[in-house]
Amino acid sequence: MVRVGIINVTGYMGAEAARVLYGHPEVEIASVTGRSEAGRNIGDVYPHLTALDLDIQEDLDDVDVIISALPHGASAERLAPYIEQGVPVVDLSSDFRLKDVSQYERFRGKHPAPHLVEKAVFGIPELHHDEIANGKLVANTGCHSAAAIYALAPLVQAGLVDSNIIVDSKTGLSGAGRSVKQNLHFSEANESVTPYGFDGHYQQPEITQELGALWEAPPPKVTFIPHLVPVTRGIMVTAYAAPRDGVDGTPTDNLRALYEDFYADATFVRVSDGPPSTKHTAGSNYCLVFPTFDEESGRYIVIGTLDNLGKGGATGGVQCLNIMLGLPETAGLEGLALYP
Amino acid sequence: MVRVGIINVTGYMGAEAARVLYGHPEVEIASVTGRSEAGRNIGDVYPHLTALDLDIQEDLDDVDVIISALPHGASAERLAPYIEQGVPVVDLSSDFRLKDVSQYERFRGKHPAPHLVEKAVFGIPELHHDEIANGKLVANTGCHSAAAIYALAPLVQAGLVDSNIIVDSKTGLSGAGRSVKQNLHFSEANESVTPYGFDGHYQQPEITQELGALWEAPPPKVTFIPHLVPVTRGIMVTAYAAPRDGVDGTPTDNLRALYEDFYADATFVRVSDGPPSTKHTAGSNYCLVFPTFDEESGRYIVIGTLDNLGKGGATGGVQCLNIMLGLPETAGLEGLALYP
Amino acid sequence: MVRVGIINVTGYMGAEAARVLYGHPEVEIASVTGRSEAGRNIGDVYPHLTALDLDIQEDLDDVDVIISALPHGASAERLAPYIEQGVPVVDLSSDFRLKDVSQYERFRGKHPAPHLVEKAVFGIPELHHDEIANGKLVANTGCHSAAAIYALAPLVQAGLVDSNIIVDSKTGLSGAGRSVKQNLHFSEANESVTPYGFDGHYQQPEITQELGALWEAPPPKVTFIPHLVPVTRGIMVTAYAAPRDGVDGTPTDNLRALYEDFYADATFVRVSDGPPSTKHTAGSNYCLVFPTFDEESGRYIVIGTLDNLGKGGATGGVQCLNIMLGLPETAGLEGLALYP
Amino acid sequence: MVRVGIINVTGYMGAEAARVLYGHPEVEIASVTGRSEAGRNIGDVYPHLTALDLDIQEDLDDVDVIISALPHGASAERLAPYIEQGVPVVDLSSDFRLKDVSQYERFRGKHPAPHLVEKAVFGIPELHHDEIANGKLVANTGCHSAAAIYALAPLVQAGLVDSNIIVDSKTGLSGAGRSVKQNLHFSEANESVTPYGFDGHYQQPEITQELGALWEAPPPKVTFIPHLVPVTRGIMVTAYAAPRDGVDGTPTDNLRALYEDFYADATFVRVSDGPPSTKHTAGSNYCLVFPTFDEESGRYIVIGTLDNLGKGGATGGVQCLNIMLGLPETAGLEGLALYP
């Protein structure tokens, strides 16, 4: 059994990693840490994890591989020594996602370990399988960016779209984490929709970077606005783009064929037959994409949906971990979405 | 007291009209009808309306003005004789909204009374005050189209934008009405986001018509996708548009000034200081707009939010009724949103 | 116009008092305070209250009557000088509800102004109309206790029940206030039901006191457990009691007649024809009661439901204010529930 | 691999059985039926089950064991020939739960196969392990009754309580099934709590029967009222009972020890350290119980909570299936609850 350590198991991302690894046939959770909860059993913090019967520690014991669920900044700082020693790491934070450190620092302040950024592979297995397999540091994707990248990658790689892309995202509130805040207070968030990110959002350059790498043209210009919607888990991205100048729009049927082909080997990305719902992915490692071309307005409209703690977070990270360690890519991830 | 009749008081739109008219100082609900509930007291169908103590009838008694909350098709058919007799009518259905009957028929099938369409005024009081005051037939706005029109009218009238406009809408489920359907079943809709309208949506031409009337250019080309979100009341439109060719983008501060000016006399449309929430409008006749210009992507991003049964429905209809009858425009509509 | 001051308008109770008083025909909100928000306009804190256009102050200006929405302890402390000066006060906190200060101190710690307790009238207008009319200090009811008292008062007063009463309450989360807490965090509270109060709950003696005053027997022994349910507004109490020894159970039809009679003059307490829903009362000053006798188990089962910020809170407080000031009892309170 | 057939896979219970059996190491779903959906692939009805890639049939192929998720009445009728042939069956409906057919017929109308009732074992594995192991027909427990029985069995078996027991249940809406109904319409059910069952509820005699079998006294007299709460999955029962005449109340600490002992060998029933939440069990086969004694009122208050489609439904049924077939009792059921 591979011995995995989870840093900050007490956040939602860490807890979700623990939940799914509990059922992983080739991995054992050997050690977990949690900021303010050290000394308690994990079941005292999260009753649904009681069966794990793990004590939360200040520091990790020796492990074969690490998943970090720390917030940005703290994660890079804590991981740096491990990375330098060559311990395989999946970082669920945003610290190592952007090749251009200045883009990181625009949103996140000074990077704690910029010298390690070049070691990182962006954790979208369907685009970077071999680099992940050969790497030691996975910078797991953001949740919005995952949904956007899965929705748009086939279109962009095929060179079919104009570089002006609109990404309208609707996100469940667990993506904002477990720390209490006024706008996440039940009475405020329930029965409401609220947009945010008007001064820029740190996941916008993630989308730009990853889509930009798929074609030779300059990186796309992505307009990105996320919205809080009153669900716990789930992100839906609605992406809008015009056909590239001089290229006709691709009718929906052909577009679907293109997507089917692009994701032919991807167990966890499925081209949906009809408009998908976030709930079709809850608690699973699946992403559903639904590509269409609107003949009337001449625009591509593509939906991408996934669980922000799942394929866009902890379970997506476990998929990367599997690849990095040479385990079967789907191990521990076969669980279907909880519906209804 | 003006005697009003409500046709189909048993739908959500009709019930909301009744709720707000109960507190109207110059209007009395004289007669109500409801399709399958005739003979029952309104409080038996809607306990919250018990205080009205009205019997639901097959047909309206004589009244001074009519609000119809029937579904499309049935509404025009039922209203035609009243309109022909010159009874003032506010139609909450979509039957008389579109000047171009072929656009209506594309989505709704054969129009039951196309000869009456020219008599109708589109029920957005902030754009059509005088026509409403002088008219006898208000075709009350759609809920999505209201939010989109309020969000975009100042930009379009000022000629600042390109004609390619994206309207991404998130709607509460009461907009789909009281009739039970699988996708409105609690266990399916709760904790989920689902897009629809990929084959076109009947409110898209409403937006096109109303915005098109605000400039001399050809009508804008509107890409419109609505999404079901698990709230009962509330619509949020996020509109995206590029500056018109050859015109610089207007910075957010100036844009806000433009909007403040445009809505200076509008009691119920407010330029929000920060990103608004649907819940800030629930149960009220207010619409909040939040205009921004994203310098990085060079796109206008404008939010419009309202209660789909409120400003985008029944209370907006009461505002039109007030204007049409020469009553104070805000009478009966002063109620503030229910928050939290 | 009567000039009212609201202390702590920034909590949910204070904001709801402001919302409803905005439409009150004989009262003007003259001055409002809020702990940490002094200096801001109320619309900056609560966008739905923008139309009030009031600055939040440190201290109240001179007013004719005060509503306090401070938390317990702070409320009595702040109100004491006003009460001593004879300013009429409606206290929405629990500070002056219990005649037996030791019961208060059991849950709340040292009472800041025990000498004023005897001046207070418990704010259930249907039981204490004349004392409220003649008093200067209303200790407005608790939200759970209101629902329980309305549900049980007719049964208890008629001497029909045994003194062992079970009160199972389900409450929306706005009752826990605006301050953020882990168990009120959307992702934790949503899609969940959680009981609390196993070490006792401060509203249990409120129920005991008020029901005990309705008969000559010793006070009833009330077992009380509240549960958080994922709604914003609304409380439902399900009360269970056996017939008093030697007294036959009263069949449901007779029981309903007893309740109809008891509440014959109560505008805002209605005997529901069928099992009521919390949502039938949201945003209103109505309480619905539904009394039944279960022949099979020989138990009375009575439902009481209301909006915890409404009849069980701020609007109930406004009703008391009306009575205390000699205004029409229903002034400003005619608004019907927001449904759906 | 054991070949299982699921009858009526298109209801929520059937779909949940399919979801969990997909991950079962020793069982293969060989054949599924669904009333109106025959001919479609299961992924067309339930996108989250796409990976199963099963065609929905009119009739089952030959299988080793059957799970029926048909509604009551239809289930017994369809199962009768299989039972008569000796095919092992887990019936998730209520058809074979009650030994006293007249109690069944009181709520459900004429029983389609009363001669088979005596063959059935009530599907609570913690009470009936050996009968299930030796039987061929499991009448899987009801969802409310499961929560009530787990909450009360230790108290009743120990003879500690009076026979007058109050069971107040709060249930998520998936328990009412997938068929659309007005009271399950999102806009009606959301943000609301509604009690039902005032004329009796068919699960009340299930509770009475199972608890009654645990002591020598006459069966307890159970007062049972369920409430709809706006969650999809989850039931919480709050049970109230007085100590038996002449027996002192058992303090909470001792009570907990009693429960720990009673459930010492039960993998899936856990005595909770603090007040549990329904959400701690969502999507899992766990039941949490929380026994307390309220010294002040002299009443036992015990919480039982589980997922109505989980331990109180489909996964509980799979546990019975495992026992009946001699498979490891926990096979396929190790999945932890989805939280948050």
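Letters A, B, C and D name the chains as they come in the text, with residue numbers starting at 1 for each one.
By definition in this document, contacts are C-beta pairs under 8 Å (C-beta built on N, C-alpha and C of every residue); 3 or more make two chains touch, one makes a residue touch a chain.
Model, not experiment: these values are computed from the prediction.
For the pair subunit C and subunit D, chains touching both partners: A, B. Among the remaining chains, A is positioned farthest from subunit C, on the basis of C-alpha centroids. Comparing chain pairs B-D and A-B by the number of C-beta pairs in contact, the larger count belongs to A-B. Annotation: 46 Å between the Cα-based centres of subunit B and subunit D. Centre-to-centre separation between subunit A and subunit B, using Cα means, comes to 38 Å. The set of subunit A residues that touch two or more partner chains comprises 12, 174, 178, 187, 190-191, 230-233, 276-277, 282, 340.
Chain contact summary for the complex, subunit D toward subunit A: residues 12, 15, 19, 22-23, 44, 46-51, 174, 178, 190-191, 232-233, 270, 272-273, 276-277, 280-284, 286, 288, 334-340. On subunit C, the positions that touch subunit D within their shared complex are 164, 166, 168, 170, 187-188, 190-196, 198, 200, 221-223, 225, 227, 229-234, 236, 238, 240, 242, 275-279, 282, 290, 292, 294, 296-299, 301, 303, 305, 340. Interface residues of subunit B, counted against subunit D in their complex, comprise 12, 172-174, 178, 180-182, 184-187, 189-191, 230-232.
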